[in-house]
């Protein structure tokens, strides 16, 4: 009989599509989000509310993000919600608020697109467009993002292998847009004590396989506010080029994801922890 | 209709058995492995070969472990192998070698037990007994480990929830043995680019739920040698009280798990990375 | 301590959205696909190629489907492929062929839509529109399907819970379209010997929770041609209202999914096995 | 670039150990459990309570099992329970009751062994020994079962691949015992509406790869009493050689698994459904 080797060549079980791979490149891609560089030596923190709920909520949170050292503001205007009866976002009104606070604070913004018909609208208000987990294999949307001239933040599907994640990014690059940031945000497993299982091994694996920057979302990855700082530190130690975290000025009143959002104060505290970890891996947290 | 709340109280979905929980304790348990303290402020690194193969292999690796700063030596004498035709370990001959090198180097040793009939034999040669992933729900074995007066290193089953992991530990404590170290070693998911998916969120979760020390095995957790140092750093950043890593003086010749074993040199190099991360989280890597 | 009950009330852990539930209905929904009734006492078999590749391929397969007793023809014109470099389908040319063979054979057709911008085009050529696994949580697409006046075949996401599957269907119903068929097509698990793990318990579970018809796709569910007939029989025994299977006149030459496509002869043979199973559960395989 | 083929030769990704494989055999193994043949043309139903609780409970249930057509009685005396505080079984007292009712009814019995030290005791009271899911990779126990002269019912681990399941069986066969029955009992996935996910594709897959008989446990596989008959029918349609189901004379009072146990009446009703499905696949439910 052929015995089963414990040396099964795991990495050879799939091949890496060419544009995202290191085959034709020697330097990592640095994505430029209206002046903020992601993928270089500095580690970039993206922060903000899950959903834009009101001017007050967005503006107060945005100033705290800026004060704490966040370089890019996140905030959802069109929200992919499991139930049709949950808050679906403010839509274009939210995009306008996002654009206004961006000018006021001088921080670039990222927001999610879910529909090919919305991509021009969203690109007109936002410095970077996000393709969320549920749309990681929405190929028409990936192709349109590839034709768009804005950077793209691509989140890993909760059921996507590393191979599929890279193929999804390849869809974008194959249309001519190389400004893609990959985001590990937790995968679905049997474990239920956390919302998802944050797969931090995806960070060194992706850095090994692709020249694209890799960031981590510990908010969705864990679903638990108190756990976010620990996992943010772990992500930086594992080699992440950045983080995206949910921050809300009043988490207990949030319309969405309050249980996993840091308060403004918790965010500021976490940032100083991150500074120390970044130094330990010979990097810095990017500051203005 | 009742809509689905995204605030489902995840942590309330299970209750924690009493002996492992914080209910009756205010201080974390510190496990004493023949003088090496696990669970205190210092982080303990356990290292050594997957399987004991020969005197030369064990002794050369053990000295490198000691030189690099490992405090406890690991090495399997009875190996749980998926195939009956794979190398099953040296048995008692391996235990004798382990005991001999322990005296020579002054480092305590840990080795795995798989059978209730072996527990006295193994406890007589070893400073700590290990119960492996495949036996996490071997209840007779857990009970015997609970009656034993040696510390127990309990590895999480590859498909065990946090709840089941704590219940398995409770089996040991309920027999009177509180000297238990929990070890996250990767869970089984759909992802195949790594051997398992190292669930680092288990570290803060377990520290939150139990007073027992929590360590991480990045070797089995990833199955990839080059990834071990990154994930070891991430584990320390996430709050782990220790690590257990596979080291082999000639990984390419190992009879088992060579692809995930660090060479002696790689081990020594990793230890200095860990020192910096430990300091960043206000701890130290334990040294003699 | 509170012990863990093995009687945890599993079904009460989530609530069912109202429109898909039995709360306001006493009779199952029967979906009418241009005269073919799905969800009544007769079991409907949908069959055809994964992708439309050519007139010859589609037409020869379609006639075999009709001869074998298939009531609805499937065939993809726009294909969601993991890699941008794989065959993406014939597009509108494929839709025209589908429409032509439908008129010729008198069999209604179903084809997949991936983009909100395509939905009118596809609805103009097809008797039923399919929303595939990768788009199960593409909420804009679900809403557009809900506004469309054609029946919708909604496939379960490969990592979607029953709860999420029903919520996705609720999106469609909430827009006024109650003509929805649910399709179990295999979920993603750790097991790799089959392409997916066909979750046949989803059949009685869904029938228990919703009035919508439930069908099974054993082709994608297993990924193995030789296993399709066994699992098709099992699906009917479990209570499925129908099946959707891949058939190709020359599976070994298929551009997509040839390894899981039945040949015309295998399809015809399977249909007679299904007749016997259907009778054993007091139903019939629908025939013209 | 190398593109990803959808024709990845899934079945060639692992090799089958020799003793369980078809390589040296042309006929399926028929296991003889004190006169009851498992693995031949007739389908054998094993039934009984999860745990033996009392003489009355066991005896009343056993007679109902016999009346309904069950050929082998199941009942646990040593129970593997997740919590140390749950009912652990009656121990040897339970074995004595099992042996007594076996003589009274003339039905052979099967009960679980968890500890190498118990195997002789259990073999002395039981016609077949069961190795449960949690011990599927308890290699010392598998080896002892291989030295034992009794048939072995080996349940698939809830985290075990088909490959690992076959290797576990190979451990038994490699010690000289070929009387092994494989049992699919549900695997652990992300889905929580059922207790486990019953992987019925394992039935044709195992029959394809090994000459050993394959049975299904729809009680543990679903965890829901009302779903057991549907999935039992599906298992027979998929080609199972038998079933093992939990029956309790008063399910609502059961000390263990009451929510998934059939009442005596439900069992009898299910058996007549199974007769019809068995005929549809050209087999019979074995009767005395």
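Order of writing sets the labels: A, B, C and D. Residues in every chain begin at 1.
Here, a contact is a pair of C-beta atoms (placed from the backbone, for glycine too) under 8 Å apart; a residue touches a chain by one contact, two chains touch by 3 or more.
The model shown is predicted, which means the values in this text are computed figures rather than measured ones.
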Taking mean CA positions as centres, which chain lies farthest from subunit D?
-> A
Rotation angle, subunit A onto subunit C: superpose the C-alpha atoms of these two copies and give the value as a multiple of 5 degrees.
-> 180
Between subunit B and subunit A, distance of the C-alpha-averaged centres to the nearest whole Å | 32
Distance between chain centroids, defined by C-alpha means - subunit A, subunit D (Å) = 46
Scan subunit C for residues touching two or more other chains and write them down.
-> 1, 3-4, 14, 17, 82-83, 85, 159, 163, 167, 188-190, 192
Under the touch definition given earlier, write down the residues of subunit A that touch subunit D in their complex.
-> 1-4, 14-18, 21, 23, 163, 167, 188-190, 192
Given the complex, residues on subunit B that touch subunit D span 17, 80-85, 114-118, 134-135, 137-141, 143, 157-159, 163-164, 167, 170-171, 174, 188
Considering the complex alone, what residue numbers of subunit A touch subunit B?
-> 1, 3-4, 6-7, 10-11, 13-14, 82-83, 85-86, 159, 161-163, 187, 189-195, 197-201, 203-205, 208, 221-224, 226-227, 230-231, 233-239, 256-259, 273, 276-277, 279-281
